[in-house]
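In the two complexes below, subunit A is the common chain; its partner is subunit B in one and subunit C in the other.
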Partner chain A sequence: MSDIATTAVHEGVRVVTVLRPRLLDPETVEAFDALLRATRAEAPTCALVIDLSQVRFVSSSLLGHLVLLWREAQTDGAVVALAGVSHGLQQLLRITDIDRIITTYPDAGQGIAALRRAQGGASG
Partner chain B sequence: MSSTRERALTDVPTGAGPVLLVDPDPIARSVFSQCLRRAGREVVVLGDGNLAWDMLCTDHDFRTVIVDQHAPGVDGPELVRRLRARRDGNYAYAIITTRSSAQEDLKRAVASGADDVLVKPFLFEALVQRLEVAARISALEDKLARRNRVLEAYQRRNRQTLEAAARVQRTLLPARAPDLHGVATAWLYQPCEELGGDLLNLLPLDDRHLAFWVLDVSGHGVSSALLAVQVSRFLAPTLGQESLIRPSSASGTRIAPPHEVLERLNALFPMDRQTRHYLTIVYGILDASTGEVTYACAGHPGPLVVRADGGCERLDRPGVAIGWLPEGQAHYADGHFTLAPGERLYCYSDGVTEACDAHERGFGVHRLAAILATARALPLADSLATLAGELARWSGEDAEGGDDVSILAIARADIAAGGNP
Partner chain C sequence: MAESPAIDPGPPPQHGEPLLALVRPADFAFHDELLDRIIERLRAGRMIADTEVELATHCLHEALANAIVHGARGRGSLRVELRAGEGRWSLAIDDGGTGFSADAVPANGLGGLGGRGRGIRIMRAFVDDLRWYRGGACAWLSRRCTG
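For the complex of A and B:
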């Protein structure tokens, strides 16, 4: 089990909850990226919510990883969303315009509900 | 003669060198030295610890030292302690011989750094076995020392290469202040490693227009620096058709608006899937005659403008980082403002605002703005020096890691007021 993040499935939506307040050093970022990729590989078309509510700092490298993940998910027809973004991180996401690329939700619960509706709409 | 002794006579292990034997007892010296010679070992025999230490100081070839605990002058444990303190890279295997089996004596012998303790009387075979161990350890120590030397040489070459590369990278920074009437410039560039993923520049486009940019490649180290250098090449005004900022065509050259520069950069530098490097940039053009500034940002903080009254404005302009979206999908819009006489603009990388103190608090844009506003009465370069001092204080002496710090400053002189930017 990873000490960086946990993974779970809620109502058909995969949720990765980051456990660390800092995702800064290259080793942590690489390990987190590997975890996200492994989660996506298990169900490539499944919606994924990344819960960042416990995160205070992220490195700029991590943003690149997230954008690549989002692009790959798009190719598979899957959705990746962020949830629980802290005020400090929001500023970073706004400057980099990442919040216009990857949808963000106030918390994981709202993210799950929205993606579930979207999945339902898409399949129905 | 036993087979063990025959083997010892003919099979001197690799790593075996001359043996220094120190014993105050002449009979013991005679017996041991004969035995060791029969075992094929070169032996120097002494009865005094002082003489032994003198010899060890001048002759570093001894790979095994056998010394009696109570050798006169410098005794066994003291001799071994001195041997271990000698950091010349040559390891000598040390055996202390003693007639005492008292725990205190054995402890003192081992604490001195001895590899082994032999309690007299002992069998010659026991000594030969110890010498085989000594030879094996010496061979390993030699191998380790050789590898360390190779590693040190590699590290030295690496450092020299990085320093040379850093010198080359620095040639890409502004060589001198652009000669534009009423405009002063200054910059600060502090890579967190030898090579930085940040770069900045100030480039006159004609006698009125000054281009300025600060870019920040994600990550650190050589690969980030190489990408930064590669990008900067396209941001030079004298490259003809290749220049993104002053492209030429059959009809002549023109000044490209910032949004166009960023869109073309995005087309040229898609995010690499292996390195996952991308870059953020603020690019702007100042019209020195009017003070009008046109700028665009790609994932980078916008300029900070210090007004003449001390007010500070952040002119962030969200835009996706270069390389995140495929060509044609990343669009940027130009922002405009006027830099009035007596006002200053600062462009910075996030290494400034994200510098952390001992409590992991970020320096922050508000602190940055407050310092620059307070320093507005100082000459432009001094305002950056003040900021650098505040940043160093914030990060602390033990700061490690961190990010590149790049700041570029432009000021218009308040000529009517006789001001100097």
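For the complex of A and C:
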């Protein structure tokens, strides 16, 4: 089990919950990216919510990984969204224009509900 | 699109008075301590407002990470100096390396700063002035005091 994030499936939507307040150093960023990719590989067409409610700081490198992940999901017809984004992280997403492509939700529950509707209420 | 970085062959400006000088190995093991010490000093000196801490942290992380990754990671030291005077503060982060050429930087910014110039955009969103001295080996950030 990773100490960086946990994974779960809620109502047919995969949820990755980050457990650390900082995703800054390259080792942590690479490990988190590997976890996200493994989660996507298990179900490439499944919607994915990344819960950042416990995260305060992220690196530009991590933002780059999130954009790549989002693009790959788009290719597979899947949706990737962020949830629980703090004011500071939202500011960072705005500065880097990532808020224009990746949807954010106030919390994981609202993200799950929205993505479940988007994928037609699939249950598995 | 990010602007090309400004690179000067000389040393960074020595404006104001030195407030903090730290030398640490160029390794991410020391990154958090450096970052926290700089932020603490900026807050204690009322050089940044409490509401600016998050963006300041993201900005300074990008500068430190760039110095570690592109400087002398695992081989040398980072020299960090915070100075203030005349209503401004400045931070010099010298990686002890040989610097870089603006010609080698992609038009969309420093790729190592997260790709597509995101690191530079984050830094420029916070500081008023961002330059490199000593041929690129020393990042220099400056901002008016707002605390």
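Of note:
Just so it is clear, the second predicted complex is superposed on the first by the 120 of 124 C-alpha atoms of A that agree within 3 Å, B and C clash if a C-alpha of one lies under 4 Å from a C-alpha of the other, contacts with A are read in each partner's own complex, and residues count from 1 in each chain.
Keep this in mind: a contact is a pair of C-beta atoms (placed from the backbone, for glycine too) under 8 Å apart; a residue touches a chain by one contact, two chains touch by 3 or more.
Bear in mind the structure is a predicted one, so any value in this text is a computation, not a measurement.
After superposition onto subunit A, partners subunit B and subunit C are found to clash with each other. Shared-chain residue A:E27: touches subunit C; no touch with subunit B. When the two complexes are overlaid on their common chain A, residue A:A41 makes contact with neither subunit B nor subunit C. Of the two partner chains placed by the overlay, only subunit B lies in contact with A:I101; subunit C stays clear of it. In the superposition on chain A, A:H87 contacts subunit C only, with no contact to subunit B. In summary, superposing the two complexes on chain A brings one listed stretch of subunit B into steric overlap with subunit C, and the stretch in question is 368-376; the others among 98-106, 152-160 or 368-376 show no clashing C-alpha atoms.
According to the touch criterion, the shared surface of subunit A, contacted by subunit B in one complex and subunit C in the other, consists of residues 22, 25-26, 57, 59-61, 63-64, 88, 95-96. Touching subunit A in their complex are the following residues of subunit C: 28, 31-32, 54-55, 57-58, 61-62, 65, 69, 113-116, 118-119, 121-122, 125. The part of subunit B that touches subunit A in the complex is made up of residues 216, 218-219, 271, 273, 276-278, 280, 297, 299-301, 316, 318-321, 324-325, 350, 354, 360, 362, 401.
Partner subunit B is touched in their complex by these residues of subunit A: 22, 25-26, 57, 59-61, 63-65, 67-68, 88, 94-98, 100-101. Within the complex, the subunit A residues that touch subunit C are 22, 24-27, 56-64, 86-88, 91-92, 95-96.
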